[in-house]
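We call the chains A, B, C, D and E, going by the order they appear; numbering starts again at 1 in every chain.
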Amino acid sequence: MEAVLDATPDRRTGLLAVFSSVVQRDLLLAMRRRADVLTSFFFFIIVVSLFPLGVGPEPNTLREIAPGVVWVAALLASMLALHRLLAADYADGTLEQLVLSPKPLSLLMLGKMLAHWLVTGIPLILIAPLLGLQFDLPGPALAVMALGLLLGTPVLSMLGAIGAALTLGVRGASGLIALLVLPLYIPVLIFGAGAVSAAVSGLSVEGHLSMLAAFLLFSAVIAPWAAAAAVRIAVE
Amino acid sequence: MEAVLDATPDRRTGLLAVFSSVVQRDLLLAMRRRADVLTSFFFFIIVVSLFPLGVGPEPNTLREIAPGVVWVAALLASMLALHRLLAADYADGTLEQLVLSPKPLSLLMLGKMLAHWLVTGIPLILIAPLLGLQFDLPGPALAVMALGLLLGTPVLSMLGAIGAALTLGVRGASGLIALLVLPLYIPVLIFGAGAVSAAVSGLSVEGHLSMLAAFLLFSAVIAPWAAAAAVRIAVE
Amino acid sequence: MALNIWRFASPQVIYPIAGRMIPGFMLAAAVLALAGLYIGFFVAPTDFQQGESYRIIFIHVPAAWMSMLIYVVMAFWCAIGMIMRTRLSFMMALALAPTGALMTFIALWTGALWGKPAWGTWWVWDARLTSELILLFLYIGFLSLHAAIDDVRRADRAAGLLALVGVINVPIIYFSVQWWNTLHQGASVSLTRAPSMASTMLAGMLIMVLSAWMYSIAASLMRLRIIILEREADADWVQEQIVPIAQGAKP
Amino acid sequence: MGVPWGLGVLQGVDLECIRGQRRLFSKLSFTVQAGEALWVSGPNGSGKTSLLRILCTLLAPESGEVRWRGRPVRELGEAYRAGLTYIGHAVAVKDDLSSLENLRFALAQDGCRVAEAALIDTLARFGLAGREELPARVLSQGQRRRVSLARLPFCADRALWILDEPLTALDVQAVELMHALITAHLVRGGVVVLTSHQPIDLKDVSVQHLRMVD
Amino acid sequence: MGVPWGLGVLQGVDLECIRGQRRLFSKLSFTVQAGEALWVSGPNGSGKTSLLRILCTLLAPESGEVRWRGRPVRELGEAYRAGLTYIGHAVAVKDDLSSLENLRFALAQDGCRVAEAALIDTLARFGLAGREELPARVLSQGQRRRVSLARLPFCADRALWILDEPLTALDVQAVELMHALITAHLVRGGVVVLTSHQPIDLKDVSVQHLRMVD
């Protein structure tokens, strides 16, 4: 019995250690549910593939709608995984524990956003060019698409986390998230898809991409703080 | 104390009463979470409206992609609400109680499917023609779209319930549902969007619509049974 | 009768029988593949419309047919397992799925390779192609669902149910060319176009189909043996099989 | 088959339960007579919940069988479930519905229709007077459990009650009420199977104690 | 704020709590000394959980304040939370992680790094030997609670423990272990606030009993 009563932890761990433990735990959970990691990925592929089915096989139309379709699918795939970003932690009491942590909650939220992006964003970025190929997009447009997604998907994860936090414990959360988050996603969609369209027609893409970069910076500053505030409200 | 101990219930209630109590309860829950009812609705509207943003304002392209976009959005909106169809009942023990009911489980499942359709399907059918109008679809095509949705959305609810039941308590369920269910939705998508496209080009839509009707009959026979089987597997 | 045999055939009985059958099927697969490819690439004449590229048919069609057939067989085993509660049938189904997915993948890939010279594009969103893609998703869904559930009994039955529901897709693939007018050939087009070639082409194709059958059976049996070992790891007969092997004895 | 009725109402015969790689119990047999309670106790994880789920057919035993009035419950099917009330760990209470609605629907799905007044009355006796209309979300832990237990008085006509830790989270007064309910059910000839880490304090009725071991 | 240190370590001053339209308590004041336990008991719904959540700042009181070493906890903020361990009704155990991983991450998020061996050792003492690698999903109700409680031995350096019904679902042996843990914490000068419907059986330490009324 004695040993139990005086286990001595090492409490000199810094911010970074706590941050990375949050990221690690979420990644580990995602790996456990291996299906999950693959799923937003497959969801993305399936949604992208659904459109041509509904729209018909005309290659010119397809090339024209490709940027929009890929970006809308990326939005939806990113959103699909949002519900599990915080809801499970809320239900089982983990979130209370995070709120009671002496480390800044916004940092912990940033960790969760990072994990979400690693699990949902990265696979999209990797597969999108392949799907674009099937829509017959030219090479430079594919590169622009990947770059745009690289800048845009973290924004999706960060804004999404705010929505997820705001809807915690709210009746019908998973639907409400969509409602809150999709409008916030629209600027990303417009500039992301715009960049690809511009590349297809050989125009300059710099303006679009730098807007995306600006969104990224902006949400990196705002989102962790906003999400933390929302979580505090939800836990109360 | 005595009164508590000998309350006498009236147990001569038939199948229909139990069925309608399942439907009523789910409808009441949906009304309580009023946000939810509105959400798959707004989700539908937002997704449909996102496309013109991503694709660009060219009216001919829009008219061409409209049937596909509306149907894909309907698929996704219907799928979005699937997770809550059974997962909450599973988590809080309600599903166990349904399984232990002496009434046939498949009937109770049909009740849940009906409630899901009333909450997610009906609003889509009502709003879709309005959205089609914005894509510049002609009148007859709008009527065909509404009719197609009327036949198709119950199929989505029923097939979806199977997917929801199969993924109960499974790691990463909400994603896995998408993976399982979207492929099953594809035939509905093809014939649903096909009917509208045919109507746009003035062709006969009878073949498409009767395929949808056949799907409806087929899934009305298969789905309650399959969902009940899946629920039994999950509860064990 | 056949059903009865399966019903009472225990994993313990099947394990050694499968072991004995595998080499035969493998050999047959190899020989038939060699013969089929020889006929396909050296005997069958060049197609006057498509040139040499049509020869991909000797891989494409067998793979496409197998992909559908295996799914049906898999669903059949699942149905047997659900109705008769036999463990072995679920193991059969699980053993078939990866081969089915592989065949589907090959059909898609060779189809795409063929599409470039034939239609000028790798991929079109045509009904046949798409429903074949759905088949791949169904296989993946089956395997993912199975993998996502820890309890084997539950995983078997849940995935089995999915397989049964998904069987509806197979007729869609098969009849898609009739239901929609698509880029993809209908069932008889390529054979009637040049009647003089039909017999050698047909022979080559059929031999390749047979070879695919043999390969699929062999591969599934191999996987079946592994699954049996995994699931029966605690059983005495497995211990007797494995322990001597681990100690260096001949299996 | 062939077991004469006199041998007992609820029987477990050589039950075996395996979860994962672990054999929780095997060769577990017991016989409960009408009017008798079976109190299952034992350390955490010893298989109490698993046993109860086997008894109500939610879980299939690895081997052995459960018999009700001499017949295997797998054969009885719906007929068995029609005489059974199971209240598990999960309370089956919907956050978004009020106590009253929760109770009403729980009973309706059980196929029984009850007058509104009787429902309100019962809730009051379960200490929820004035809280009938509150959504269950805001109720305390113990109050949520009370809502799920408030079904029991209406299940007097179901011979077999299977209750998994019904006393958890209940305060002293509610524990007494539960004791009274269970006693009344036994007196009228019902069978009650329940688990509890606290001792069961039933007077004037026969309680069989099944101790699970780890 | 003028309250001398000697008056106690944890103080509730004129606390009032209103949920919905209902005033759960008001003018509630108490003082807990170092080395003393506060056992909160009372009927279901009387506001025990609400009080504990107020004490750990998860809930704001309607009026009144909580003081720690004489200073209002709202002012102390992070400094207060750094000396606090709260284990609520929700166990914060992830179904998909093993017991070991659950414990490791719970500690890591608390900012404390522990050797693997110590974790395994502690889990064993909580009766989870041989189950360290099982996903929490398959654990029994009591075992899940044990996983969440296994954090406590590593929180010896946190002065204030707030535990909401820590004994629920625990078997006799685990209850004893909890008593020992709490006693040890009090002996070393910590403060423990806990709720329980079962009587708290702490010897040789001073336990203050706060009875909530409905």
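Observations
Heads up, the rule we're going with is that contacts are C-beta pairs under 8 Å (C-beta built on N, C-alpha and C of every residue); 3 or more make two chains touch, one makes a residue touch a chain.
Computed from a predicted model, the values in this text were never measured in an experiment.
Note on connectivity: the fewest chain-to-chain touch steps from subunit B to subunit C number 1.
Seen from the Cα centre of subunit B, the chain whose own Cα centre is farthest off is E.
Mostly identical positions are employed by subunit D and subunit E in their mutual contact, as over half of the interface residue numbers are shared between these two copies. The most distant chain from subunit D, with centres taken as the mean of CA atoms, is C. Mean C-alpha positions place subunit A and subunit C at a centre distance of 37 Å.
Spacing of subunit D relative to subunit E, judged by their CA centroids, is 31 angstrom. For the pair subunit B and subunit E, the distance between mean C-alpha positions equals 45 Å.
Measuring from the averaged C-alpha position of subunit C to that of subunit D gives a distance of 49 Å.
Looking at subunit E, residues 89, 96, 135, 138 sit in touch with two or more other chains. Across the assembly, subunit C contributes 130, 137, 140, 144-145, 148, 150 as residues in contact with two or more other chains.
Residue positions 32-35, 38-39, 42, 46, 52-53, 55-56, 171 of subunit A each touch two or more of the other chains. Residues 19-20, 42-46, 48-49, 89, 127, 131, 134, 138-143, 145-146, 165, 168-175, 197-198 of subunit E touch subunit D in their complex. Only residues 82, 127, 130-131, 134, 137-138, 140-141, 144-145, 148-149, 153-154, 157-158, 161-162, 164-166, 168-169, 172 of subunit C touch subunit B when the two sit together in their complex.
Considering their complex, residues 56-60, 78-79, 81-82, 84, 86, 88-94, 96-97, 101, 105-114, 118, 121-122, 125, 135, 153-157, 177, 180-181, 184 of subunit D touch subunit B.
By the touch criterion stated above, subunit B contacts subunit A in their complex at residues 32-36, 38-40, 42-43, 46-47, 50-51, 53-56, 58, 61, 64-65, 67-69, 71-72, 75-76, 80-81, 83-84, 170-172, 174-176, 178-179, 182-183, 186, 189-190, 193, 197.
Listed in rising order, the residues of subunit A touching subunit E in the complex are 1, 3-11, 13, 17-18, 21-22, 24-25, 28-29, 32-33, 88, 91-94, 96-103, 108, 235-236.
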